[in-house]
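Letters A, B and C name the chains as they come in the text, with residue numbers starting at 1 for each one.
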Amino acid sequence: MSPLFKAEGIVKRFGERVLFDAASLELETGNGYVLIGPNGSGKTTLLRVLAGLDSAQEGKLVYRAREAAAAGPYPEPWRREIVYAHQQPYLFRTSLADNVEYGLARRGMVRERRAALAAEALAWAGLAARHGVPPHRLSGGEKHRAALARAKVLNPVLLLLDEPTANLDGEARAQVLELVRALITESHTVLIATHDPEIIRLAILTRLRVSAQRIEVAE
Amino acid sequence: MDLLEPTRQAFALLFSGDRELWGIIWLSLWVSVAALALLAPLCVPLGFVVARIHFPGRRALVVAMQGFLSFPTVVVGLVLYLVLSRRGPLGAFELLFTPSAILIGYMVIALPILMVFTVAAVQGADSRIYETARCLGARPLRAMGTTLWEVRFAVTAGFVNAFGRVVSEVGCALLVGGNIAGLTRNIPTAIALETSKGEFAYGIALGFVLMVIAVGVNVALAWLQGEGGLE
Amino acid sequence: MIKRIVFALATLLCAATAQAQTVRMATTTSTANTGLLDYLLPKFRSRTGITVQYVAVGTGAALKIGEQGDADVVLVHDRESEEKFVAAGFGVKRRDVMYNDFVIVGAPADPAQIRGMKDAAEALKRIRAAGSAFVSRGDRSGTHLRELQLWRAAGVEPKWGGYYLSIGQGMGTALIMAYEKRGYTLTDRGTYLAYLKKTDLQIMVEGDSRLNNPYSVIAINPSRHPRINHAGATRFIDWLTSDEGQRAIAGYKVGGAQLFFPSAK
């Protein structure tokens, strides 16, 4: 079976600095992957290129056997199925429910159905009790969980998470970790960039290491 | 000079619903609002584009817009007068001394204000807003709308500022409007006229209304912003 | 208020310079716009050493300024208002000075077809019936008051649609607006001639006796406002009505045409 997502020959430069030089990776459907590497090695940048937020200088992206140049425009249909979450997630200054419903609304879903699915996702993330709270008043951990609920409700085929436990510790971190684990086991295809050891340690994840401007499968 | 009596008369005029007086107030309001309403669908998206997309000459454009922020309104009036008069290039449209001429003048005056405020608002917006919207499946146009909504207070501040500027300006409105009773006489031009005629009651009444409008709109904005504006 | 400050400063300045006197005058836009004052006043100064400073507003506003004592003398053109002014005790020594006449002018195309009519009131009626643009001074000036008298004589109300343009401004502005709007207006002949190059308006109606426009000069009552320059005002009035002054008035021409006709008795 061909892989769900492939990146081939990615070349990414920032001015003089070369971040990736003919880097490649493959993601199989239903698997979980963790992208590791030292700070500044380009994990976030790579995820952004895969998500279509940045373009590379050279290379090819292949999703479900459809190709697109990494240097060119990102195919719009991919955005319906590939969801990316920022390292520090941004929640719109409307309401918690609105945030979670946002993607569903873009798909033209009717209000009742959206609301129901959003409520489910918020409950899944343990945020049902925070229903009326303005998003900017949520704690750091709650914001991360809200972002995960917002992504999960869209039933993404490929989920790209950038440091889902960034700046969290203790209770908050544990809660987010729970959700990440749930996402992995619910057979979404997941790629997580992180240096959180508890995530890296998870046995079900295949480790991809960024090294020498390439990506290699690590043990 | 006793000002108490004219002031008392002024309020009597206002509350008696004097038709001419309220006609003047109505003209000021509707032309100002219409100018902004017509500019909004152009300036807001354009401001977004200028803020986010690098094109040749972008910097020059932004600098030029800043430069025009305090452009003397009477000069706008002068140029517009020359253009709209019968001897001018647009004389055939017979727009001089009509409310439309004032409307056009207001649009010229408000344009740089709306552009500068919108560009600043979008540039100050968190870059994650647009990206988050796109990553959740929003088309570029929709993501633009979402971004603008997130910075709505900063954008609205531009409208409030522009409104305050046009509703109280007198140079342009007088030149291209002609201060015609019942047609192009708005609050500032009426104040100028009536005061010079010694009709202080009228001038005071209108001045009071203008003050309430100008201050009130700003207060309303600050109130609406509430916590949203002050992080 | 501003006029008061300006006048006060001007008076102070003149008091400071040795011996020169100042007289403050409130007059109408038609005497100013035609250039008559800029021609006459220097002659008065070289005869008497007195400088006349003036503000040009409408007759109504000029009389108001005189009433408040912000001027020493007024030069206006509305007999009815003048008589009320003197009767109320605001003015003394009213003298006839000169006259010119009003004319109805309009766009050459003459949409209301009034060219050559001899009855000014009927002409206004026809303008209204045709719905043509008509610019009114709207400022209680001598011209405006005469216009209202003509509407009364015609028996019609001068307010209709968007075509009656009441501007509250001077004669020059009214002429330009009539030109821009391709309409009509009532004007004194002098200002019309002075503005010939700026518009394409033509004389449509003239000669009606109701279009006669006499000017008077009135000194402000010193017992009401003791600090005004009554002596200077008196000298000005005397000069205006003297042979020399009257000859000067008759001698003022624009484009070869005499604008004002002496009428002092």
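Keep this in mind: a residue touches a chain if its C-beta (ideal position, glycine included) is under 8 Å from a C-beta of that chain, and two chains touch if they have at least 3 such contacts.
Because the structure is a prediction, the values reported are computed rather than measured.
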(message) Over the chains that touch one another, what is the least number of steps taking chain A to chain C?
(response) 2
(message) Let me spell it out: compute each chain's centre from its C-alpha atoms, then which one is farthest from chain C's centre?
(response) A
(request) Please list the single chain whose C-alpha centre lies closest to the global protein C-alpha centre. (result) B
(message) Averaging over Cα atoms per chain, report the distance between chain A and chain C in Å.
(response) 82
(message) Taking the mean of the C-alpha atoms as each chain's centre, how many Å separate chain B from chain C?
(response) 38
(request) Averaging only over C-alpha atoms, locate the centres of chain A and chain B and give their separation in whole Å. (result) 44
(request) Over in the complex, which chain B residues touch chain C? Could you list them? (result) 1, 85-86, 94, 96-97, 178-183, 185, 193, 196-198
(message) Which residues of chain C touch chain B once you look at their complex with the stated criterion?
(response) 1, 57, 60-61, 64-65, 68, 138-140, 162, 165-169, 173, 177, 179-181
(message) Residue numbers of chain B touching chain A in their complex, please.
(response) 126, 128-129, 131-139, 142, 146, 149-150, 228, 231
(message) List the residues on chain A that touch chain B in their complex, please.
(response) 51-53, 76, 79-80, 83-86, 88-90, 92-94, 102-103, 106-107, 136, 150, 154
